[in-house]
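Each of the next two complexes has subunit A plus one other chain: subunit B in the first, subunit C in the second.
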Partner chain A sequence: MKSFWNKISVVVMALSLAITTSSFAQQPGTTSYKCMIQMTNYMGEGAYIVISLINGKGAYEKTLYVLGSDKKWYPDVKEWHKAMAKKTPNISAITGASVAGGDRSVTVLEIDNSKLNKDYKIRFESAVEDKQYHVKDLEIPLTTEALSAKNEGTGYIRYVRFSPN
Partner chain B sequence: MKKLLIAFITVFSLSAQAQKNTLLDQSFWQNKPDVSLIKAEVEKGNNPSQLNPAGFDPVVMAINAGASNEAITYLLAQPGNDVNKLTHDGRIYLHWAASRGNVEIMDYLISKGSKANQEDNHGMTVLNFAATGGQQNTQVYEICLRNGANLKKDLNHDGANALLLAVANDKDLKLTDYFVSKGLDLKSTDAAGNNVFSYAARSGNINTMKVLLQRGVSANDNAMLMASQGSRRGANTLEVYQYLESLNLKPTVRGKNGENVLHAIVRRPRQNEIIQYFLSKGVDVNQADDEGNTVFMNAAASNRDISVLEMLMPKVKDINQANQKGVTALALAVKGNSPEAVGYLLSKGADVKVTDKNGDNLAAYLVQSYSSGSGEGRPGGPGAKPEDFEAKLKMLQEKGFDVKAPQKNGNTLYHLAVAKNDLSLLKRLESLQIDVNARNKEGLTALHKAAMVAKDDTMLKYLLSIGAKKDIPTSFKETAFDLASENESLAKSQVSVNFLK
Partner chain C sequence: MTISVWRYSHLALAVSSFLLLALASITGVILAFEPVSQKIQPYRAANFDELTLAQTLPVLKKNYAEISELSVDANQFVQIKGSDADGKSLTVYVDPQTGKILGTPARQSEFFQWVTALHRSLFLHEAGRFFVGLTAFLLLLITVSGTMLILQRQRGVKRFFTRIVRDNFAQYYHVVLGRLSLVPILIVALSGTYLSLARFELIKTEKISPDIDFDAIQSRPERKLADFTVFQNTRLSEVQSIEFPFSEDPEDYYTLKLSDREMAVNQITGDILSEVRYPTAVLLTTLSLNLHTGRTSAVWAIILAVAAGNILFFIYSGFAITWKRRGNRVKNKYSADDSRFIILVGSENGSTFRFAQAIHQQLIRQGEKSFLTELNNYTVFPKAEYLIALTATYGLGDAPTNARRFATLVEKHPQPHPVRYSVLGFGSHAYPDFCKFAFEVNQLLAGQKWAVPLVDVHTINDKSPDDFSLWAEAWSQQADILITASSEHLKTPEHPLEALTVTGITQTAQTDGTFLIRLQPKHNLNVTSGDLLAIYPQNDHRERLYSIGVLDNELQLSVRLHPDGLGSGFLHRLTSGDTIQARIIDNGHFHFPQKAPVVVMISNGTGIAPFLGMISQNNPRTPCHLYCGFRQRASLEIYQRFLDESKSDRKLTDLHVAFSREDKKQYVSDLIARDADFIMEVLNTNGVLMICGSLAMQKDVLELLGTTCQTKLGKSLSVYQSHGQILMDCY
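Moving on, here comes the complex of A and B:
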């Protein structure tokens, strides 16, 4: 386990180095991260989770991934849905299945290099039919450090782990 | 042996007792129990705040059954019954009290902090929910309006206001008049442009439609589509459609999402005469809605009457046409229709080797259709039997379907059955000789998945008994034991997971 995380941190360091280089050279690109969401064993239907990039003002900057494909339930992810109503993005390429209690989901997030280690956050917003909605089930700063740690959720998410893709 | 039997019987009867909460029994409430009887049941250990699988709790049942307000307030005082508690379809108690016209309980709930602008899962505020049910007591609406409701701004997810929602159950247009007097426009429309005439068409009340026309509301083609949707109470009659046609509304109209009238009608049972009527009017069974579903695909998905499929089949251009998710009529039938419907599609050349856009093959749809037979289980449609699983599988195999082929994401039937958390389904797979230790693309075996989602140890022990290995690590270097140790359901019911070590 330990050697695994050592390896990860080496990769993350290499990655952050690469990112520094690219931003220094003014070449904004994106880096893909594997994101594993582990759910708690809550009772109820599959959870809809929206992963968003949040800017320094606390506003939705970009939708990174949507777990749950039936549009009918999007209004349940209240704040995101409200924010999107004005600028409906095409999310078909970044939409996956909803996640059931206890299960996990591995998705790949494309993150703009220029946003890393600036004043941005990644928000995990969750909703389950007939159950409480969590606007910030988990919210982490978009920093190299946070992207290499295990981050605990507060609602239906038990934890989230990132790894380089 | 005898001891074992006694122990078994004891456990069985105990668990049977634990499952049965008198306060969640409809018949208990139908008998209008007085508060002392309810108290006695609570003292016997029946939980006054338990939610049933549909999300109803004793308070909601008491309100809906018209129990005395004394009984309702007693239940509301019990721990776990906060005024903001979410129940069926995301409704709070105020929704139910308003719908029942119980103004006294409404006042009580509001005094305890209940919010009238709370929306349910369909975007219905308390006022709109009461209006949808046709609640005639306008005091209900007055209370909501005094407590934050806004008739013009409070719309459901379709963009409909209270006037549109109420008309289906508003025979004398009393509520319509009331909402007009409160400032709503009789010519209001929802986001799709449906007006009050269209909403009346949905419930099929010809008299109401006639009165609305007299009052200057126009009838437009969308009304035909709204009529085809029908209401919760049932489908509309041929007479309703003929009335709409007599107003020169187009039977071939298409809605905002590309659907025609048959998209909805073919989903309901006993519509053969109406389907025939619309076919004769030129409604196209190959027309796809925005999600790519044709009329025929909708019928294959859920209509258990083979004669409907036979009626549509001669007009179908391509039986293997897929919707935008890559799902064909056969996949839909495997998931939600009978073995007979699956057999019919196979006899007409439906392809068994299809995979959807996620790379899931028909095995994934077969697993989704399975219901162990207890309860009303929606998967597989009404009347689905556990044996349908084998019946459908056999038909598919006869046409060359390979049941051992994993999905593109590496999931085998074992992974899929575990995800359904159903031991009886798992046991049905044994004869298929699928590798129980296969890892999916995320590096998980069926045992890993079971360790994560299990609610007790039966599924895990069964997998071990058929050769599942405990020491395979996930790509995060976790063993099944590690995963089971994190499982809150197992911890909560104090199930030891040491047998996974």
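Moving on, here comes the complex of A and C:
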């Protein structure tokens, strides 16, 4: 009887180890961050927000997340659409719903550890149908410090908060 | 004026918006199926309505590593966003009771997304939204004007849902379906307009976020989720969404977005940190969305689909009606100044025009100069000999829009020559005030010096061809021009003829040539006193009509022999035992009233004929007063014995006779003037007046009655005429 329980515990340990390693193996060198976007009480349609990684030269490097699923409105997010819309494969995997005024949205961003505390920035670009477009509604340096603070937006975004997932 | 304003605005609004309206309706019908297709999915918890947050939230928290948001959609499906034990993010439908995953929300289908965009903005963004919003507002106005038109058509709010007279398919169903889908369409239009106003920020729907005093946030006492009073008191069905605290920091809190307010709840103590009620405008927006989309109820969504489908039908039928009405526009071959026949029409929806056209065409085909126009275009017609006025009645016995100025115009433009007129009223017994305006026109013409009555005023119930042919026959006989009920049959109408045997004929009275003839039908006939007998003296289209009195199952005619009379000569030559072919015409409007408390019969000359039959059949002994006029005492002789007997038998209550060439030289109208108080009392107590005889006598009597009614009862004579209290059959 006792040997049976031993066997079980071994199996459980092995399994849990396997799960942990496999989940790490999927994302080598990346960390997930929960990212909460709190919107202002603006009136109008749901905002389309694109979260992008910007390199030291100020160029788009990678699309981290797109809030807003109807491709018809992507051209409204002008700069990103010009630079990245066609270069982002499998965009639907990192797409969520648009966010209306007063609402908040929580998404999970995968961030490459090697980019942290280097000369990278995270940009929140926002557009609302027939309303002003904000190329830098919010842009923060990709630093440990910035990721732990509350960052105020300038357009439809009231603030953004991060927390390690 | 009000009637035409509603009608014109109804049409103008429809014309200006029908393209967009059709588009919005088609897309609307399609979109109604979106909520229906969603609701058939099995994601709604069985006892959803009973669950509280205190029951739900602890279960969900236990089942999922992380929840950032819970939302309840219009289908009452509970959806959570968060992550599972492995940190993988999740967006799933869950069972709020067990926490089990029920399914993954599908993205809105591309098709419905496309149709929605078309419905809302025509793919034209702001401009499109504006036009769609405007269309919704126009629909609102169309609905209001349509409702006013139904109210006018049905004559009042109380009769709103009573029977509708059927003119034709498009008109009938336009009104019938209009009444049925009035409420849903009004709601669609109203909610659509509201949503557009909110969209363009003309109605402020800004939400106010809870204001939180972070210094006052407590971290004690720590309570379990299930013990939070606010969660125990809040049902899941009130929830729109719940934002979970972003971290375990006491400064992060639950945000509950309920159907009518927003609350912030301390995640440790369960205290309510702040509570804000939504402004009314926000609640109205939600309500409008629910009503406009049908997202909360599949049944309502289907009702909306049907209503939107009806709008398409209204567009079709509305234009069909307009088209038809425009088709009635008159093209006259001859000018008003040249024409011998003037046909004047009063019609609200154009159906009366078709009868007028039939008469007009037949006259033209017979080489006559005829001019057809609206009553409002009445003027001086220098060559007119005949005037036919065909008119409907609108609203509460009012003139149709195109006849409103007629009364003023008649006073203003007297005709230079005598004109023989005939009035034909169109209406339906489904409405009170049957043909009231036609009676008014008749009364008005009767009061004109130049106007000579050709035939009695006739009424046509529900476009009855029989009623029309009755008039056509009477008119044809007087004018000696053949007009038939249907323009296709210009030949002798083929009616079944009856064989009648002469059983008795009196000698003509010495001076005025009146004689009585009795006829015995071969078969048992359905004939009532007041019906007409049509005889064909030459066996051709020439027809002569006589009023029938039924006595002892025989038909009795009272005839005056005219020197060259076609009919009277023919009848006079008959002797007992002869057989003639004739036709009986049902003349229902001149039968003895079945319910009247008292009946007054007014006749002159041979007009007494139907009354003789009625008196002889007055077995219920309805009080019956006969006022009759003759030239001489001798003319009365052939009736004297019968009348005396009837009086002693109480079938006749009273007899008043006027002789125009003997004694006091009175006319029957003088007797009526003498007994005016009694006659008014009869009318006032729902008694019935029956008038039979010459049109000249009728004209005098009506004029007299018209003024006495106005002065003594304060009502127009046409009120009594339209309620069937004055029955006439004159020639």
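By our rule, the second predicted complex is superposed on the first by the 134 of 165 C-alpha atoms of A that agree within 3 Å, B and C clash if a C-alpha of one lies under 4 Å from a C-alpha of the other, contacts with A are read in each partner's own complex, and residues count from 1 in each chain.
Everything below uses one rule, namely that a residue touches a chain if its C-beta (ideal position, glycine included) is under 8 Å from a C-beta of that chain, and two chains touch if they have at least 3 such contacts.
Note that this is a predicted model, so its numbers are computed, not measured.
Visitor: Following superposition onto subunit A, is the placement of subunit B relative to subunit C best described as a clash or a fit?
Guide: Once both complexes are aligned on subunit A, subunit B and subunit C clash.
Visitor: Determine, under the contact definition given at the top, whether A:Gln132 touches first (subunit B), second (subunit C), both, or neither.
Guide: first
Visitor: Applying the touch criterion given at the start, work out whether A:Ser32 contacts subunit B, subunit C, both or neither, answering first, second, both or neither.
Guide: In the superposition, A:Ser32 contacts subunit C only.
Visitor: Figure out whether A:Val106 sits in contact with subunit B (first) or subunit C (second), or with both, or with neither.
Guide: In the superposition, A:Val106 touches subunit B and subunit C alike.
Visitor: Of the partners subunit B and subunit C, which touch A:Arg161 in the superposed model: first, second, both, neither?
Guide: Both partners, subunit B and subunit C.
Visitor: Considering only touches as defined above, state whether A:Pro75 meets subunit B (first), subunit C (second), both or neither.
Guide: Touch status of A:Pro75: first partner only.
Visitor: Select, from 8-16, 62-70 or 350-358, the region of subunit C that bumps into subunit B once both structures are placed on the shared chain.
Guide: So the stretch of subunit C colliding with subunit B after superposition is 62-70.
Visitor: Taking the stated contact definition, name every residue in subunit A that is touched by subunit B in one complex and by subunit C in the other, in rising order.
Guide: Residues common to the subunit A contacts of subunit C and of subunit B are 36, 41, 69, 101-102, 104, 106, 129-130, 161, listed in rising order.
Visitor: Residues of subunit B touching subunit A in their complex?
Guide: By the definition above, subunit B touches subunit A via 55, 86-90, 121, 123, 157, 325, 358, 419, 442, 449, 452-455, 476-477, 486-490, 492.
Visitor: In the complex, go through subunit C and note every residue touching subunit A.
Guide: Residues 66, 68-69, 81, 83, 86-87, 89, 91, 107, 113, 117, 125-126, 199, 201, 204-209, 243, 246-247, 255.
Visitor: Considering the complex alone, what residue numbers of subunit A touch subunit B?
Guide: 1, 4, 36, 38, 40-42, 69, 75-76, 97, 100-104, 106, 129-132, 158, 161
Visitor: Once bound in the complex, which stretches of subunit A touch subunit C?
Guide: Residues 19, 23, 32, 34, 36, 41, 43-44, 69-70, 72, 96, 101-102, 104, 106-108, 129-130, 161, 163, 165 of subunit A touch subunit C in their complex.
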